[in-house]
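Got some structures for you, see below.
One chain, chain A, appears in both complexes that follow, with chain B as partner in the first and chain C in the second.
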Partner chain A sequence: MKPSIVSFQNVSKRYGSCVSLSQVSAEFAPGRLHAILGENGAGKSTLMKVLFGLVRADDGVVRVEGVEREWKSPADAIAAGLGMVQQHFTLVPSLSVIDNVMLGREGGWHLDRAAAIAEIEAKLPDASLRMDWHRRVEELSVGEQQRVEILKLIARDSRIMVLDEPTAVLVPQEIDALFSLLKKLRDQGRSVFVITHKLSEVFQHCDTWSVLRLGRLVRQGEVRDSSLEEVVRAMMGSEPPPPIRLQPRSQDRAHIELLEIRSLSSARGGRGALRDVNLKVESGEILGIAGVDGSGQSQLVDAMLGLHDVVGEILWRGDKMLRGRRDDWALISEDRHRQSLWMEESVELNAGLGVERQFAGGTSASSLSVIDYERWGSVVAKWLADFDVRFPHRGERVSRLSGGNQQKLIFARELQGRDVKFVLAHQPTRGVDLGAIHQIHQRLVELRDRGVGVLLISSELDELMALADRIVVLESGRVAAQFDRWAESSKQFDRALIGRAMIGASV
Partner chain B sequence: MDWLIAYIESVMRLAAPLMFAAMGGLISERAGLANIALEGKLLVSAFAAAAVAASTGSAEWGLVAGVVAGAMSGWIFGASTVWLKADHIVMGTAFNLLVVGVIPTLGKAWFGSSGSTPALGTEARLQAGVGFFIAGVALVLILNEALRRTRWGLRVHSAGESPNALLVQGVSPRRVRIGAACVAGALAGLGGVILSLVQGSGYVRDMAGGRGYLALAAIIFGAWKPYPTLAACLIFAAADSAQMLLQGKSVFDISVPASLIQTLPFIATLTILALRRKRVSAPRAINQPL
Partner chain C sequence: MKLRNLFGSWNVQNLVKLMALGCGLLLALIAVLGLAMALGEDALEVARIIWLGAWGSTTALGYSLYYATPLVFTGLAVAWAMRVGLFNIGAEGQMTMGGIAMVALGILLPELPSIVAWPLTLLLGALVGAAWAAVPAWFKVRRGTHEVLVCILMNFVAYGVGGFLILHVFRNPESQNPETLAIGSGFQWPQLAWMGGQSPLNATLGLAIVIVLLLSWLSGRTRFGLHQRWVGGAAEFAERSGVSPTRHQVLAMLISGALAGMAGSSILLGYLHKAREGFAGGAGFIGIAVALLGGLRPWGVLAAAILFGGLQKGAIDLDLDTEKISRDLATVMQAMVVVAVAALPLLNEFWTKRLDPSTSWGRRLHRWLERDHPQGGR
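Presenting the complex of A and B:
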């Protein structure tokens, strides 16, 4: 076996009382595509940031190409041939592609853009990676912006490249393109690390996998010698749950039309503005909305909540809705920290927010009723227990809970605090660990089977493929295509086909 | 036509300090430092220039002192906001208030007069005519090119838009910001020098008279770009000159109080900013701690 290009020995890192990395030891071979796997908060980003010098380890040794290294800053790491693409891009949006590539290595006080373009073009593995160098980065798609980030590393001759969750923001076609680029870079002899939690990519594209859980390195392996179950087990630390199988919709009950959206358009233009959107949600079905982030999903949700100026109609059971959320809707919003929770308040308070009417003292509930906090406490305690929300004590600040537990708390409140007929779930599993994802998915399917209508908006196509009865693809604010799992005559319920619609290709 | 020539010359004179202050402010704002402290910097450097010129009798030393005082206040502003992570607006306001208190104290200690420095003789004043205006225009041209075509410009822009992009390239956005703050201070300092050594003869209490804020308004009106900012400075100077021309004269046989006429530049500012329809965007990372 070739000597390791990167090796960690007993690397530890704590933030206050919180252990982020605990005695991590691992070896990585050169010239390969390494997947770093783990749940949120497992420490995979921290480990890579230690490698790159963005985070300094409390303890342990990092060796790069056999040499023990302790970076003072990322500049040292860059000079030594490392490069990292952060999850949130570090581009200057208002600058051109070439300016972004040059930044930090301008070569003299005067900017010679022509020379810089010649230099980077000479370094590209093939000509197909050329870009319009003078376009401003803010005009590029997310996939193209990511390519700019990778070009920055190529320009700096990085031999070791780290990408933090590079596919989180990409559609399937872009993911394939990204990995084919990464493979070209690997074939040039570079070592590539990809932090991810999407197993399908690992098994399709990567050479090795390493799983971190709760700050420890649990297992490493070669992709070709491993099974999916093995990796999932390592990530979850327990047996993986059986996959969810959506049963055909029950015909026992008549399906009534709950929500209808008729030729809805945003009142003003702009990115993601809605354009003549029509859709319907019936009781007992999950309607999935697929699309690249920023294709109008947020505007659609906001329009339904009365927060976005639109023309067109939103009907609830055939009646025109007075704008705003109905009391029999459960709302799982995209940004739970800002829209669903009061982060610095207690678990108990958060679990009853918005449904205070349940806890009003006396017989008739009005906004002036005195809240019976004892009842609040006992009722939400039961809700939380039923939804398996884990927390140290009821007074704990909700900001201290994991993403999965925060989201389960929101589900507990939204589903039990009201008589729910309709669920509006926007990215319900973003930033949530695998165990909680499974519980949330089960919950949504149960609701559907009970006759509740579910509108599920997700940028994870796998999630929609598993749960949705129908999928509507939003692209640039309009409905680009519709797919029905159960209809035989309709377009195939196919991953690749839906992916094409997401990037605006004709289906 | 004599009045027109006089008017144009007056516009050029009045525009000069505004232009230097605005270009200084523009640099620091582009680097991500919200620069509400321009007013204080103008006052500090005007005072420093006048005090040194009065003590040494040399206009040149006064000029140097004003620029150094401006650069130093720029450094203090930059360092406190970057290293101590002070809020820029709070820090800038505090600086402006501090200046109002400190200058009279120093004036009292040095010259026995709290409000002003002694009147300067001709030898201690700068006889530049419209020279500073021409220098100011040259500065705008150079700055515009420098922002677009130099490493410095690229880094200043990045520090104001996306400091993390610099950080991950191993360039310290803090250093870029502090550097920009010093340059900005020095340029504002030149503006102060013009106030006390060219337009005036010595420091007079509160002699900036809101020009620091006008310069800030010019930057915003100019969408943080040199040429439009220059245009805004000229408009404000034109209003200011008109105000001086109209003072003490009766308009349509109605004598307008001088204090009302003096508000003209500010009314012009408000009108212009209010009429500007297009939404301008400040540097994205302005007033964000690093």
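Presenting the complex of A and C:
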């Protein structure tokens, strides 16, 4: 066996009282594609940041190519042949591709772009990776921007590359392209680490897997010797729940049309500006909106909430809607830290905000009505318990809860604080751990079965494939295609077809 | 009354803030005494003079409270706007205009009896202050201009217009000073000699305390107060829940302006009984420090204003009783307190670590708070 290229020995890291890494020991072989798996907060990013010198471990030893290393800063790590692509790109949008690649290693006063291009092209594993070097980065798609980040690492001769959640922002086709690039880099002899929580990618593309849970390294294995169940069990620390099976819509109840959007267009949003969007949501169905991030999803939500001026009509049960959000809508916003929570405030306060009218005298409450905080406290305590939200004490800041618990808190508030007829859920499982994702999916299906209309917007196609009765694909602000799970005559409810529609290919 | 009721909301974070504040004030005191020593004065003597000057006798206490009264109003004004996410740096101008309006009423209708005159003057002062604040509010929501910019400009306008009104419209021709005619006797607020001795302390202090009570109730108990703070803390969340940030920001600015508009009542209606040019004397700006020191909470502002009033009185005594120290030391002391407030996040972090539930003290504290306080953090 070849010696390890990276090895950790008893690496620990604490933030205050919060243990992020605890006695992690692991060996990684050179020239392979390693998947680092784990739920949010399991410590996978922290471990990689320790390797890259962004975070200093409290304890333990990191060896790179057999040499014990203690980086003073990421600059040392880069000089020693490491490179990392952060989840949020570190590119200068107004500069060209080649300028971004050269940035930080220009060498002297004169910018010799031609030489730099020649140099990088010589280093590429094959010619298909060439880009239009003089285009500005802000004109590139997200997938192309990510490629620029990787090119930066190639230009610096990084032998060890770390990518933090690289596929979170990509569509299926881009994901395949990314991994084929990573495999080429691996075949050049580099060692590649990919942090992810998407198991399908691991099993399709990676060589090894390592699972972290609660700051500990739980298991490592070779992908070709492992089963999916084994990895899920390691990640969750328990038996994986059975997959959700959507039953055909019950015909006992008449399905009424709840929401109708007619030829909606918006001026704002650039590429995501809505263009003549038509949609209908019936009671008792989940309508999925698929699409690459920034295809008009946010504009659609904003329009439904009356936050921006739009052209077109939004009808609720056949009547034109008044501006603003209805009280019988549950809203799960995309950016929960800014749009669904007041981060500096307590769990208890957040669990009742927006539905506090019932604690201040009910429907007759005016704005000067006094809030009964005792009742607030006891009512929301029950809501939180029913939705299995875990928190140390109710005065705790909501910002200190995990992503999954924050999202469960939001569901608890939105579903129990209102008489819900319709759910508008935008990326409800983003940044949420597997256990919580399962609970959230179950909730949505339960609501559908109870006759509530659900509009589920997600960039995770797997999620929509599992939950949606119908899928509408948004692409550059327009409806590119529609798919119906239950219709026989319509286009096939097929993952690849939907994926093609997402990137604007004709179906 | 239990401690936690007094402070409205009471949890570990608040305790941490309070302890951080205590440390900050201590550091500020040490710095000021160090300065006095550097000037060649005896630090202990300086501390004694400040202490006795501020609270040593009924008259001293009265002066301190008299200096504190306008600061309560301007502090509340700044604090209220800031909790809704706005920086009202125009309290000085709002105070000036509101004050002149109150005095003008007292000059024009001198016969009014107190029962009509008092509420009417306050209402007018509040309205004019709010009107002065409405200008930055309008620019903010309609044009997107930063409120600080317009507030500062409105301060200059207020100096100009105020000066004109005092010197040319309501001027007392018999006086050598740049001051107006006197207001009618019905407009004057009584002195509080039983409490303030020979000082100009007057009943407007009671008014200030009533307003503190009112705002504390409004902010901590009502839906309106919650919505105001919500817009300040998480505007996007509020908007998506149907609470309009624009509407609440305008209302907050009007409330803030109204509070600042009444701030001159202690000086004008309770003591001078006329308006003098520059009567506001920077109270609008000191209000910013008072608001920050008071943690943007009504009772905190009251306490901070009294501290600042005491510092002002103590520094005046230092001026008289020492050779080298002038009353400008009050400014230095207030500045040190502001520095201490600015350093709060650091000290906060220090105490947060100390009181973290993983430490033994933290565990005990959390257990106590959990048992004794059903409402959690609010």
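What we mean here is this: the second predicted complex is superposed on the first by the 500 of 507 C-alpha atoms of A that agree within 3 Å, B and C clash if a C-alpha of one lies under 4 Å from a C-alpha of the other, contacts with A are read in each partner's own complex, and residues count from 1 in each chain.
Throughout what follows, a residue touches a chain if its C-beta (ideal position, glycine included) is under 8 Å from a C-beta of that chain, and two chains touch if they have at least 3 such contacts.
Please read these numbers as outputs of a predicted model, since none were measured by experiment.
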Chain C versus chain B on the shared chain A, clash or fit after superposition: fit
Contacts of A:D319 with chain B and chain C, given as first, second, both or neither: neither
Touched partner set for A:E239, first chain B, second chain C, both or neither: neither
Chain C, chain A and chain B - angle at the middle CA centre, rounded to the nearest 10 degrees: 50
Which superposed partner A:R397 touches (first chain B, second chain C, both, neither): second
Residue contacts with chain A in the superposition, chain B compared against chain C: C
First, second, both or neither for A:S333, with chain B first and chain C second: second
Partner chain(s) touched by A:D126 [first = chain B, second = chain C, both, neither]: neither
Which of chain B and chain C A:L103 touches, first, second, both or neither: first
Which superposed partner A:P93 touches (first chain B, second chain C, both, neither): first
Contacts of A:D419 with chain B and chain C, given as first, second, both or neither: neither
Per-pair minimum CA distance [chain C against chain B, superposed on A] in Å: 11
Common ground on chain A, meaning residues reached by chain C in one complex and by chain B in the other: none
Chain A to chain B touching residues, read off their complex: 54, 73-76, 78-79, 84, 86, 88, 90-95, 99-100, 102-106, 108-111, 152
Parts of chain B lying in touch with chain A, wherever the complex brings them together: 149-155, 157-158, 161-162, 164-171, 284
Touch list for chain C against partner chain A, complex: 11-13, 221-224, 226-227, 230, 233-234, 236-237, 239-243, 353, 356-358, 366, 369-370, 373-378
Chain A residues touching chain C - in the complex, by the definition given at the top: 16-17, 305, 307, 324-325, 327, 331, 333, 335, 338-349, 353-354, 356-357, 360, 365-371, 373-374, 377, 392-397
